[in-house]
Amino acid sequence: MGPFRDVPNLRTPPLGRRLRLGFVGGGRGGNVGYWHYNGVRLSGHWDVVAGALSRDPDTASQSAADWCIAEDRSYLSFEDMAEAEAARDDGIEAVSICTPNFTHFPIANAFLDRGIDVILDKPMTTAVEDAEMLVAKARDLGLILAVTYPYGHHAMAMQAAQLIEEGAIGTISQVIVEYVQDWATAPDEQSEMASNWRRDPAKVGRTSAVGDIGTHALQMLRAVTKLEAEEIRADLHVCGAPKALDDTAFIKLKLSNGAPGLIWITEAAPGNHCGLRFRVFGDKGGLSWDQEFPEQLKLSPLNEPDRIYLRGQGAGMSPAAERWTHLPRGHGEALTDAWSNLYAEIGTAIAARRAGEHERLTSCHYPSGVDGLIGVRFMNACADSGDNGSSWVKVDNSGV
Amino acid sequence: MGPFRDVPNLRTPPLGRRLRLGFVGGGRGGNVGYWHYNGVRLSGHWDVVAGALSRDPDTASQSAADWCIAEDRSYLSFEDMAEAEAARDDGIEAVSICTPNFTHFPIANAFLDRGIDVILDKPMTTAVEDAEMLVAKARDLGLILAVTYPYGHHAMAMQAAQLIEEGAIGTISQVIVEYVQDWATAPDEQSEMASNWRRDPAKVGRTSAVGDIGTHALQMLRAVTKLEAEEIRADLHVCGAPKALDDTAFIKLKLSNGAPGLIWITEAAPGNHCGLRFRVFGDKGGLSWDQEFPEQLKLSPLNEPDRIYLRGQGAGMSPAAERWTHLPRGHGEALTDAWSNLYAEIGTAIAARRAGEHERLTSCHYPSGVDGLIGVRFMNACADSGDNGSSWVKVDNSGV
Amino acid sequence: MGPFRDVPNLRTPPLGRRLRLGFVGGGRGGNVGYWHYNGVRLSGHWDVVAGALSRDPDTASQSAADWCIAEDRSYLSFEDMAEAEAARDDGIEAVSICTPNFTHFPIANAFLDRGIDVILDKPMTTAVEDAEMLVAKARDLGLILAVTYPYGHHAMAMQAAQLIEEGAIGTISQVIVEYVQDWATAPDEQSEMASNWRRDPAKVGRTSAVGDIGTHALQMLRAVTKLEAEEIRADLHVCGAPKALDDTAFIKLKLSNGAPGLIWITEAAPGNHCGLRFRVFGDKGGLSWDQEFPEQLKLSPLNEPDRIYLRGQGAGMSPAAERWTHLPRGHGEALTDAWSNLYAEIGTAIAARRAGEHERLTSCHYPSGVDGLIGVRFMNACADSGDNGSSWVKVDNSGV
Amino acid sequence: MGPFRDVPNLRTPPLGRRLRLGFVGGGRGGNVGYWHYNGVRLSGHWDVVAGALSRDPDTASQSAADWCIAEDRSYLSFEDMAEAEAARDDGIEAVSICTPNFTHFPIANAFLDRGIDVILDKPMTTAVEDAEMLVAKARDLGLILAVTYPYGHHAMAMQAAQLIEEGAIGTISQVIVEYVQDWATAPDEQSEMASNWRRDPAKVGRTSAVGDIGTHALQMLRAVTKLEAEEIRADLHVCGAPKALDDTAFIKLKLSNGAPGLIWITEAAPGNHCGLRFRVFGDKGGLSWDQEFPEQLKLSPLNEPDRIYLRGQGAGMSPAAERWTHLPRGHGEALTDAWSNLYAEIGTAIAARRAGEHERLTSCHYPSGVDGLIGVRFMNACADSGDNGSSWVKVDNSGV
């Protein structure tokens, strides 16, 4: 909550100092590293002091200068960075990894091995076994392994989860989640969002859109409903310009409470940009939310007027949503605020781990390695289903 | 178009007099007959002069009085009505049939046999063969057989069809149609929309929601995209209160141009009422429309600002949409206006048939018996798919 | 209410027959007569059997044919029509007057004098004395004199009035009403909405936009809040193409409870069409509504989530709003439905007057001659204010 | 622009290092300082290294710890801070002043006198002469004096200004700006937004709401239209709970091109929170925008479909709007992004001044001292008008 309420501010670092953070990936020419970086700065928990921002020396150097990273802490390889930073007294305390999917595993491995907490972009890895290995390693070493699904960190997505938990819509009977974009309608070379590696099965894994936006949709469904997708059936399509892997998928779900679910994702729906939306229905009401209008959440109690929850409203807002509220209602928060919430939660967790504050640690809310692992299993299950004529495939939702 | 433009007004009956219309069904206690009746009156093409509005004598009599039908033309059975009206010099020229699905076939048959044009609520029949027989009979007798899917007669749904035909969104690559309601969330006895026969397989056919709102969704898809659903795969569910037949379906489509389509329908999504919505995407743009906000149509040319077409706008509006425009922009038209458009088109067609004006006849735009037949095949194909573990089922989209 | 609820249907004429109605004005080339006519037909209360639709013989004849009026009851002057119809056994029982403002007085006078109930388009007259004379005459003769402000007959406008009466927003502290259009931005010859007489002070009165849309805004304010504008201060402007009279006005109000109010009207705001909107604020909440989206009404209880009332919703809907509800929620009603509500209320009132049913008569809800008179006083007060450097001017809100 | 386009990123500090910034005000319990601070961090241009965050020692100390300010640079008075920081080699290069209005003048004065650039919250001062003196002093000393009106730094507000400059709506004919909130509906002690000093004429100046949100509305009007309010007429009201000064005002404007304008502001309109909205109309089109939905801008070309500009859209977006675009379209930016744009522009300007880069300096875009001064004159003119029975009052829009 912001200072306008008399409560501890999530944007205040608990150790009285900012944590030292490094980045692997995120240099000029990329998208997602910059989104992380915005959230990092806004969160108030971090100083970015080191980076292996690019394998290209010029890009690495310019990118480090952009972010005011000292020259001697701008590295050309993650291996060098892990080694050098681990050796410094003032070395990084955590690393954010924003590189192509297929590189996540070795990089995360290298930093975990040196006792550095890891913040990993999604999907966690391409192979299920790699994800399982990272989860096990972090657990065994007692380190934080966080996976950056930021959309669930909009305050109103949390409010939806809380309303469902309180029974506002009764027993869930069906769930529709869509994540709809349009940047892959035309050939990739015309899009600012495209990256070559996303269409290369050797680098991105067995799916493209499913691994990218499909895992976001799944995580949102899980975060809001607390249900798991126990079985899935996926139809994978290329609806935009020709490409080697899917840009569109219709994924039917059997949820853990028996209700049907649907995830529709596409990168080829002109007029849609970051259209992550959920609609959850129960026997007492419905809830709907759209990431492009993140401040409003619509609750439709059966046969009553719809109620529009507005972030910061006060009345009826859950403490968990208030925790992620920084500005008064109407004074808009958006995607970088969600990233900031995520990085503040992770920062608080790492501070708590270092201070041995177990209770604070377990109260921090961010997607864990297990959440990341479930996403990797989901995307591989979708590939399995697609390979088998859209058959039903079971998904393992347990930990390791 | 309304009189504010210097063009013939669709609400002016071409024969210089109103046609004589009878109703079977539509008495007090029903919903849909009243919707027909509103459109009939507003259209300006019809005088309602006879009816078999209910099998219950009191209801029949009260209902006839409501509509100012003379006592001697209020009948207790459609058989009596068909016989008596056919014998009168001033007998009805057409009949509107608004009874439960399983009765459509014998009633329509009776009136066609007596040379009376038939206007039939959807779905046309429960069995495919019955629908085929009606189509063949009307064709052989040279009579009009119209099926009342009204939603496509919103001016902006027509504008969508015209924009697609003109290439505004390029080649269609995926289509999403949903028709989402909430009246079957709770048990039927709590809903003003429920009818007992809708849950009785002997009366409604092999599906409930699919035959009811699913056929509307299919017809909208066909009207707007001019594509057919060549193969379908249906998951049927009961998501609301327990009932004998489906209230929800997820239907995957293989469209006639190879693109994937999805129809999601449900009667158990709290907060949704008459949520018939389409989103059509192509390589050059997207189009979306929502029946609950029928005056606006959103065109999203790829990478350009969205354009909001408003009924009556003038610039860029197709003649076909203008034909269904009666009030200036901002002066709202809604569902009864759509029904009125439908009844004006059918009235014009019947007038043209009687006057032997072939050109005018073929220029009239309304869902034909073949459209109705395709809907009946679709709902039966969905039942087949559901019966076979959601297998893919081919649909015949030809005439008879 | 529609037949889907077990209540008397407002669209059922109480005498068991339709009343006989004539029109003065409304022929081809006009706008507003056609809007009346649509509401008349949809209401189910009327047969239009006579008309003096135009002074031009060809237009009169074609227009009568459009509406299926018999040739011998199509007149070329209102004087002939009044005389001939009064002399017939089956003569008209009421007349709708849809001619330019300056002709309202003599026409209404002529029909009242012959014992025919009068339905008059707004503004009632140009001069205050004329309006007062009509009100007094109708009262003295015991005739119905109704003035057609249709926008207040949207069900959700009535719901707003009821919520305010029930105290949902507490004591009203400020009111904003706007009626914003764009058809007079360009010269009149480019607009389908323009009429020459509207810019001619000899025909339209001392104001143009104020008398046209300003009186609608005032009537909406009065209907919803039950407050009167006791003093006004008007700034009149020409913001669109040059013209002799105002197309824009900012009118500050001192309301009868002491609260400030603002009416902003313009015909020169591109992108606005029939933008009649109110926002009413009190110490406990706010209410807002927009005629272009008439099915939704937003109630904002202070510090609580907004509630969106949807016509037909059921829960929380007032009987008065239900009375004007004909289709289930989501099955849209719009402007012609509002006109239909107005014409059904007037038809019911006339039927009750003829049947001597006093209780039914007083339960009918439509703008009376006094409402019309107050509008005429308002528009003249605005002209006075404008003539005196936007001084404050008192408005008489009493009857005669 | 964000790094996803190949252009310099506004969030990269041009000197290769962050500037040293101090805060006066902004400690725990306040609102606006925290909003500044969020923008400061996100901008990437600043390290906050010193502060006089509160006159209360405990609050000052805790607040400094929140922001990781070293203990020895947390001051209890601005005088001490100015003196001590000016004496340090690593002293602050700029100060942000977020204290109550009546203290702005002496504080700003103290820092300017010591050669420190000043960033001042609005309204700049309470008295016109004080504002004039600050403007003159900054000019004479060659220092930056920026006034923090952040709302114009939403990318789509800038896009509106650019579209108007390019002639998209033709010649402006009327302008409506509203800034509507609800926090002062109930007594101040119930509101998280209230501050005692805002209702104390000795501290806030001669108006309350006009000085607070009215100056925002004026600045938005000026930024978007490039017009000045040459004459104003203000009606000041208390519409919420009783208070010593205005919470509501209706302000009529004579704009510098002769067009009428209206500013309506209130803090007592339940359901409105940060409702800063403009609607600008010309002879070729209209533009509208709402701060609560800052990513969309609606352009209504006369008689054509509305066009919805979306931040990040690409096509048709001006370079000035792109400069304030950091995330791809649909990936929302909101109020803190606007603050960040403002602080990045000011940071760039200060860096340019220090580096003697005149061209870069003049290309920076932020509200200057003169903009602040015009706001102070406006709020005092409104008070004059109110004191004189809402008479028309001329406003001086020149510099000093």
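Which chain is which? They are A, B, C and D, in the order written, and residues in each are numbered from 1.
The criterion applied here is as follows: a contact is a pair of C-beta atoms (placed from the backbone, for glycine too) under 8 Å apart; a residue touches a chain by one contact, two chains touch by 3 or more.
Here the structure is a predicted model, which is why all the values come from computation and not from measurement.
Listing every chain that touches chain A and chain B alike gives C, D.
Looking at which of B-D and A-D shares more C-beta pairs in contact, the answer is the pair A-D. Across the assembly, the mean Cα position most removed from that of chain C is the one of A.
Computed centre separation for the pair chain C/chain D is 44 angstrom, with centres defined by C-alpha atoms.
Chain B and chain D have CA centres that are 55 Å apart. Centre-to-centre, using mean CA coordinates, chain A is 33 Å away from chain D. Residues of chain A in contact with two or more other chains: 272, 303, 306, 310, 314. Those residues of chain D that touch chain A in the complex are listed here as 2-6, 9, 11-13, 16-18, 28-31, 33-35, 38, 41-42, 44, 65-68, 181, 183, 192-193, 272-275, 291-295, 310, 312, 314, 326-337.
Those residues of chain C that touch chain D in the shared complex are 169, 173-174, 176, 182, 185-186, 235, 237, 239-241, 248, 250, 252, 259-260, 262, 264, 266, 268-272, 279, 281-286, 288, 298, 300-303, 306. Contact residues of chain A toward chain C in the complex are 299, 303-310, 313-316.
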